[in-house]
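Here the chain labels run A, B, C and D in written order, and each chain numbers its own residues starting at 1.
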């Protein structure tokens, strides 16, 4: 008798548990595809550290991969039941931050400014307005932007190697702006704050590059000169 | 110029970040109230370990506290924006598992059977059907039921001390049923599975008590006798 | 010029830093003395686990050591400048919790009840009322009481070995009372709460000892009998 | 009976525990306000790294935020019961060290010398003389001064970028003085000593900047020349 009762209560649970596990498996599969595209985009964009002339081509190649990511995110959006975005979003936090970084790097290389969250979401086929449907988290966007600052400190170093002494100053101003932007945010004591604490090392690193250029008289502008951020290749 | 752009992008984020932090603070406050009621119910139910005659009174006192919990859960349900249940549910997982345990213990003491998830949710003013609104998680329900098994092993020990040699057998059958129920479930390798692994010690402990009673000829019933689970005091 | 200024600002600091280090050394010395007395009291009280007849003598020996502790605390009280109790109390938290445990054990063995914080403080020559002068912290008192519960679970075990089948029941009721008392407290999530979580194992352990006695018909009282807690040796 | 006694002993403790938790919550709130003002002051002072002409304005803006800090510290001083400064000061150590750094940076930019602990305390509405009331800890002051040295190494770098080849030498002398000052102190093996160990990297960094300037003949003064520390803009 009693046995029956416990069994009856538990019977429905397996369907629920199995469904969840299947869904997580499907999510993992899509996330792997997005991750693969992110890796290809990363490889394409690496060329900026060794060539001044292939930047446009690299950006175009990256943008092709963003198309793959967009399709992935659209499939994810279709998989996630209404109201359960936050139940599963641990699966794609990491890769999304990476993809945001790649989009932000590409837009910076193309146009010289910071891509907004809305534009990033648009590129990736995600929403930004609603926070209950499938959307681009503010935290993921900000984490991606912080990764951009690190990459740009490397880009500044290699620009000098490639003989471009103007770029580091432009990057320095841009990263200082990012730094000011982050300082305004009321971050609680979590992963984002921790990652932000590392930004100061990027800022300092880039300032030292600019210093090295300045002290050797390698700067092409006057000291008090232009603060405009020219796009990478024009 | 550029500075303005970053600032513009970041400006809206603080409102979002502040709102989230305020909401989390409000949630924490309600969770503290539910936790306090759970503590009072726990204290009331402790009497079952030292008295055979005060069980009904203890259950009644616990049920008063479940009313307090129900009000808390209704306030929580009001606080959580649509579609964001899973964004915040880490705040109440722990206390909810405790409350489920207390409800299950009370119903077991009153009626001798396992309370279903639907009934538990009803007692606490939560939904079970929809998984996107504020509901009683299956995992939380199952974790609470596992806590019940531990408490019943202690209850079996103390029943003997209080001279009740029949209760351990009844408890043993009930916990064996729970064990069978859990074995049916397709648990993935997580917290629930880990906690379930500990159930076998409760089962064993209770079986040893029944063995001690049997070998000393202290059992009042026939071995193959009634398997009905008589309510505690009738 | 500038050098002078920095030097002038820093000059006064060394006196402050040296004074603090000297004071901490003096405190450490007194704490070592209290610790030594606590060890001697611990050794004296160990006899309760192997003899039924030497309990009074053990308590008397422990009380002699409490006199040593009292002198130590009075020296400490003299060392600590007004308003700086909380600056230095990390030095004696640990030993004080141990001494509270020893006093509580001694009083329990002598009288069968829980020593109050006021009485403990009196035994040790400390204040309880003022929280700014040298006093017995509530946290330290409660931590000591939790150590008592652990020791009593061991005492219950060894009482059976020594042929005293009544003591475990008395201890079981006492520790259950302690457990209820702690449940009432609104502990925040800190060391005290963590230590309290371990109390349930002491409770369970003692209940199992009483169970073993009960099931073998070794109890001298009737099942529903006396709940009075007779002092150890009368 | 016994139950009553334990309950009586414990009853008063909850009031104490609750009061403490409420007070800590109030302290945290004020600390958050001071922290916010410190952030605004930090943002204002960042301009020194990218502009030679906006330093005075930045200092004025920072001083406005120190007014907010001062109000916060006065509220804190009102919250802390007499003789319990050291019970709660973990809450404001970190932010106070930051605020000391900001005050020291501002005074250095304005006047070119190290602000004393007394003056810093005065700016922040804290006492220095009594160590039992609400005061500015020597440790917090010294930690703030060490942060100043790091910031000045960055300031030296960026001064060069901005075409000011004289400032690094002035900074170098100042930081060398700080280093000498700290060497005089009898630091025990703690956080302050650890942080002081990092000062040598700041010293070295700044010396290398001065070296770079010297070897390129960019210095405007004679090597053995003026050691006065001219204010930033006069």
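Descriptive notes on the structure:
The rule is short, and it goes like this: contacts are C-beta pairs under 8 Å (C-beta built on N, C-alpha and C of every residue); 3 or more make two chains touch, one makes a residue touch a chain.
Everything quoted here is computed from the prediction, not taken from an experiment.
Touch-path distance (fewest steps) from chain B to chain D is 2. Comparing the CA-atom centres of all chains against that of chain A, the greatest distance is found for C. Residues touching across the chain C and chain D pair largely coincide in numbering: over half of the numbers involved belong to both copies. With each centre defined as the average position of its C-alpha atoms, the distance from chain A to chain C rounds to 55 Å.
Once the centre of each chain is set as its mean CA position, chain A and chain B turn out to be 41 Å apart. With centres defined as mean CA coordinates, chain D is found 34 Å away from chain A.
Residue positions 173, 180, 184, 186 of chain A are each in touch with at least two other chains. The complete set of chain-chain contacts reads A-B, A-D, B-C, C-D.
Of all the residues in chain C, the ones that touch chain B in their complex are 169, 173, 176, 179-180, 183-184, 186, 204, 207-208, 210-211, 214-216, 223-224. Residue ranges on chain B touching chain C, taken from their complex, read 36, 39, 42-43, 46, 49-50, 154, 157-158, 160-163, 209, 212-213, 216, 218. Residues 1-3, 5-7, 9-11, 13-14, 16-18, 21, 81-87, 113-114, 116-117, 131-133, 138, 142, 173-174, 177-178, 180-182, 184-188, 227-229 of chain D touch chain C in their complex.
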